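There are two complexes below, and they share subunit A, which is joined by subunit B in the first and by subunit C in the second.
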Partner chain A sequence: MDTEVILQFKDVYFTYDEETQGEEPHWAVNGVSLEIKKGDFVAVLGHNGSGKSTLAKLSNAILIPDKGQVLVEGIDTSDEERTMDVRSHVGMVFQNPDNQIVATIVEEDVAFGPENLGIEPAEIRRRVDDALKAVDMYDYRDKEPHKLSGGQKQRVAIAGIIAMQPDCIVLDESTAMLDPKGRREVMDTIRRLHDDLGMAVVYITHYMDEAALADRVIVMEKGDILFDGTPLEVFQNVEKLRSVGLDVPQSTELALELGLSDKVLTPSECADAIIRSFK
Partner chain B sequence: MSILRTDNLTHKYSVGTPFEVTALDSVSLDIEEGELVAVIGHTGSGKSTLIQHFNGLLKPSEGKVYVDGKDIWESKQSLREARFKVGLCFQYPEYQLFEETVYKDIAFGPRNMGLSDDEIDARVRRAAEFTGVTDEMLEKSPFDLSGGEKRRVAIAGVMAMEPKILILDEPTSGLDPKGRDTILELIRDYRERTGSTVMIVSHSMEDVADIATKVLVVNSSKIMSYDTVPNTYKRAAELLEVGLDVPSVTKIFMELHDRGLPVRTDIYTVEQGIEEINKLRLEGVNL
Partner chain C sequence: MMHDITIGQFFPGNSIIHRMDPRMKLILTFIYIIVIFVCKNFWSLGVMVLALIIMVLLSKVPVKVILKSIKPIAIIITFTAILNIFYVSDGDPLFDWRFIHITTGGIYTAIFMIIRIIALVVASSLLTYTTSPTLITDGIERLLSPLKFMKNSVHTIAMMMTIALRFIPTLVDEFEKITNAQKARGADLETGTLVERAKALVPVLVPLFITSFRRAYELAFAMECRCYHGAEGRTRMKIMKYSKLDAFALLFICVVTGGVVALNILFVHII
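Take a look at the complex of A and B:
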């Protein structure tokens, strides 16, 4: 196996149906194969019910495939004895900032993960400090989490994951409940972790402008992968994306509608293309 | 005529303690009947404090609130009237469903108003129709519905009180683009068919620009502007400065304008953008 691969889905099927009595169940994830490599920054798009959150939960043994295999650093997630190993490699941040903080002091919350991994106290201290600095929340280390804003709470949750030093962090709509400022804080933090620490990021979202910042975009539809490519490649498919209930970034759409360029993702790139067309 | 008015409304939290903050600072505002107002402001701007005054959930520290021309704090009677005239639907309302069936949940508000069973039934069915809640769903437990369905049931519960003013706090947050469009469409239809005044609180102007008739921008405990959608977007630079988002299309046209292209800057949809650029092309504009 390629040593650079962190996360591998091999023809994975998953259903929430309990009893199907011989009938074909409704597959929430329907035969997905994909690889996430070291240093990848992948956005996963899809409308509610497309299977994107199920995909996330399969990636660190919260859910186990009904058919096929999920491998984390070569470890099969169905091997119950190695669940903790799997989770130390792939960390997950959820949607609701209020549902994932367990301690009454910020730094104790961040220490919760590494403590459960049985790490030495001195090492935990170092990791907690480093993690809080990485998400720019070090100054808040002795504060009470419930007094923080949504964006700050999500950054604390992310610090809790980083302190376990995973190879990959999966964010399941972690900005959906935040205001624009909180969203920006979290996006900037993620981008920095990826660029500075080389952490692989799987970013599940339905904000197209956030997906445009990724290196690779996967679009889920009916439990299967509809598109997998760079943001530029994927967002060319305006009509198809609309038909599955998604948007494309306004900048991309405007440039395409004006027949200008198929290489536009951001407002500046779109303005550039328009200015050029008037010269 | 104005359906909702505030006169020098000031609200302070934790008065008399070292943590005293002024959340609203002498706000005077007039909202005409039948408008669809988008209320925009970032977290901590005072927008939630403001809307909680409209149906008497919060009492002004100073100043007055008038609903339908009546000072709501004048008497117990006027406060009770305001609570029925102004329907408030909170953020993530699906967490507030509690009844055994969807029908009972939607009927809860009208029942509290002391209406007859026939009238309650008529209202539940009207509200269900507005929100696309099917007869089959009415008999289900609210906890067996999907997230998007729960959200619509919760909104139906407020609509069933048939308030003259319907206020929704972040009705589309956490929804995917399709779910968001469904909710916004049903709100627009509701207003068109009932003539009610509607206010939608949002972080994102991009979402509400299409359906709003007016935009109320709240910043630093004050009203920064209350104007039509295009007029609000003309001030996009100021909005960005106070930490609010404007649509990507608006950013593109601001930049084009700054770089010398003679374009309007009150553009906020892709369609308007295409039209504006095509106009320049026809005029043979050259840089």
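Take a look at the complex of A and C:
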């Protein structure tokens, strides 16, 4: 596996406080260092106000760190001249699908990003078609966005990002406003983008079951990283996670309560583990 | 219901009028509107009406839909007609009673005006029926783009129009949601005098405004994330190209214009 680093946080501090008058400000992100490598699938967990959304916004120069550095493909995000470069490497999908679709036709919206990058019309056409096929929305290319369901709109928004061909896609609670069906559609799409296109995914969520699908889980608390590891490792710390207002996936919890030695993340793994324990 | 009011009332189709370049459609509609005002008698106006009928038939937009576009201006038409009947005093007198004098000239002018206004409205709605709002804004942007010194503002205005069009359905939904929420809290929006009802709308409009600002803020973030930085260095996916169809259309309008001018010279002016 290629270990090229796409996104690097170096001891990053950020605060929303304007003036502190000599006092220590409230750090929304409090000295975070982390690396996202090519092909990573990282879930970032944390309750409201833990700094996870701030972390996302720091990753593509929407916010600039007050202290420390954020490097995207080696480019410092505080370098204003290269903001566009940074954003073409790290794409971001937000929570509300309605508020990120610009155009009145699906394919024109997907074309918006590449158009801004000044790409040739024929190449844009190709990218738009590819992106819409990748999120399974190609049949809807000439529809109006407001006639789509929430999950479909969010997939259009994702297509709009992948048409820019970034190395990393950051999803900031992109399923929070969707119904279970829409959430599943979006999760499947993201998983497929990661597996098929090898795109690095940073997935910010507060749904444990979604986080369990990632390869690596980062738990944020008070602007700092509390845990960083595989889902199995992280979800062993039931008590600690509870104390910061988070749950573990129900299957994991059940297995732990039952005292099963197996490492369990999904319901089917849980079922297998229980069956094995009876043998 | 409210969802039916989409600005421009685009009527999707694949007729030759639909397939024309939006820029050409904009230009020709503009020319048509000017020529309508050049007409001086019923002969030349007749040519314009005939041309319009041909275009409507070619567009395959149902006549019923076309007629619907005239409905909102019925009052204006009636008003113009009445004014002309009473105020134009050429020709033979038909009716004379105290201060009311109706003449043949007045009647002719009134009829002339009615036809002129209807042709005007039908021609411009034909444009919006056969061209999607996005294409119209795109067309305007590209038509005005040679004006280098104001290129950025042209782009900005076109972008604003696109976003406004995109958010109309969203805001209509939101309006209904808030209305229902306020009704559920006992707000009375349907009874009372006009002033009372207008006042009752305030608790609906205030939340609508606040959410619109939030939407605008988030949309701006999302656009920045997609590298939006104005017109500079921006390309477009869809290339607009004039085809033979557009050349024919231009020729058609030129012939019609020539006909109108000739008929104006040949026959007596009515106005």
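Points to keep in mind about this one:
Here, the second predicted complex is superposed on the first by the 275 of 279 C-alpha atoms of A that agree within 3 Å, B and C clash if a C-alpha of one lies under 4 Å from a C-alpha of the other, contacts with A are read in each partner's own complex, and residues count from 1 in each chain.
Rule of thumb we're sticking to: a contact is a pair of C-beta atoms (placed from the backbone, for glycine too) under 8 Å apart; a residue touches a chain by one contact, two chains touch by 3 or more.
As the structure is a prediction and not an experimental result, all values here were calculated from the model.
If you put the two complexes together on subunit A, you find that subunit B and subunit C both fit without a clash.
Residue contacts after overlaying the shared chain place A:L197 against neither subunit B nor subunit C. In the superposition on chain A, A:G160 makes contact with subunit C only, not with subunit B. Touch criterion met: A:Q100 reaches subunit C, while subunit B stays clear of it.
Measuring from the middle, so to speak, at the Cα centre of subunit A, the directions to subunit B and subunit C differ by 70 degrees in steps of 10. In the superposed model, A:L246 lies in contact with subunit B only, and not with subunit C. Applying the stated contact rule after C-alpha superposition, one finds that A:I274 touches subunit B and leaves subunit C untouched.
Of the two partner chains, subunit B is the only one that A:G150 touches; subunit C does not reach it. Between subunit B and subunit C the least C-alpha distance in the superposed model amounts to 5 Å.
Across the two superposed structures, the residue set of subunit A contacted by subunit B and also by subunit C is empty. Interface of subunit A with subunit C (complex): residues 60, 62, 84, 87-88, 91-92, 94, 96, 98-105, 107-108, 111-121, 124-125, 128, 144-146, 157, 160-161, 164. Against subunit A, in their complex, subunit B makes its touches with residues 42-43, 146-148, 173-179, 203-204, 243-245, 247-249, 251-252, 255-256, 259, 261, 270, 273-274, 277-278, 280, 285-287. Interface residues of subunit A facing subunit B in the complex, by the touch rule stated above, are 46-49, 95, 149-150, 173, 176-177, 179-182, 206, 209, 245-247, 249-251, 253-254, 257-258, 266-268, 270-271, 274-275, 278-279.
Across the interface of their complex, subunit A is touched by residues 132-134, 162-163, 165-166, 169-170, 173, 215, 218-219, 221-229, 233-239 of subunit C.
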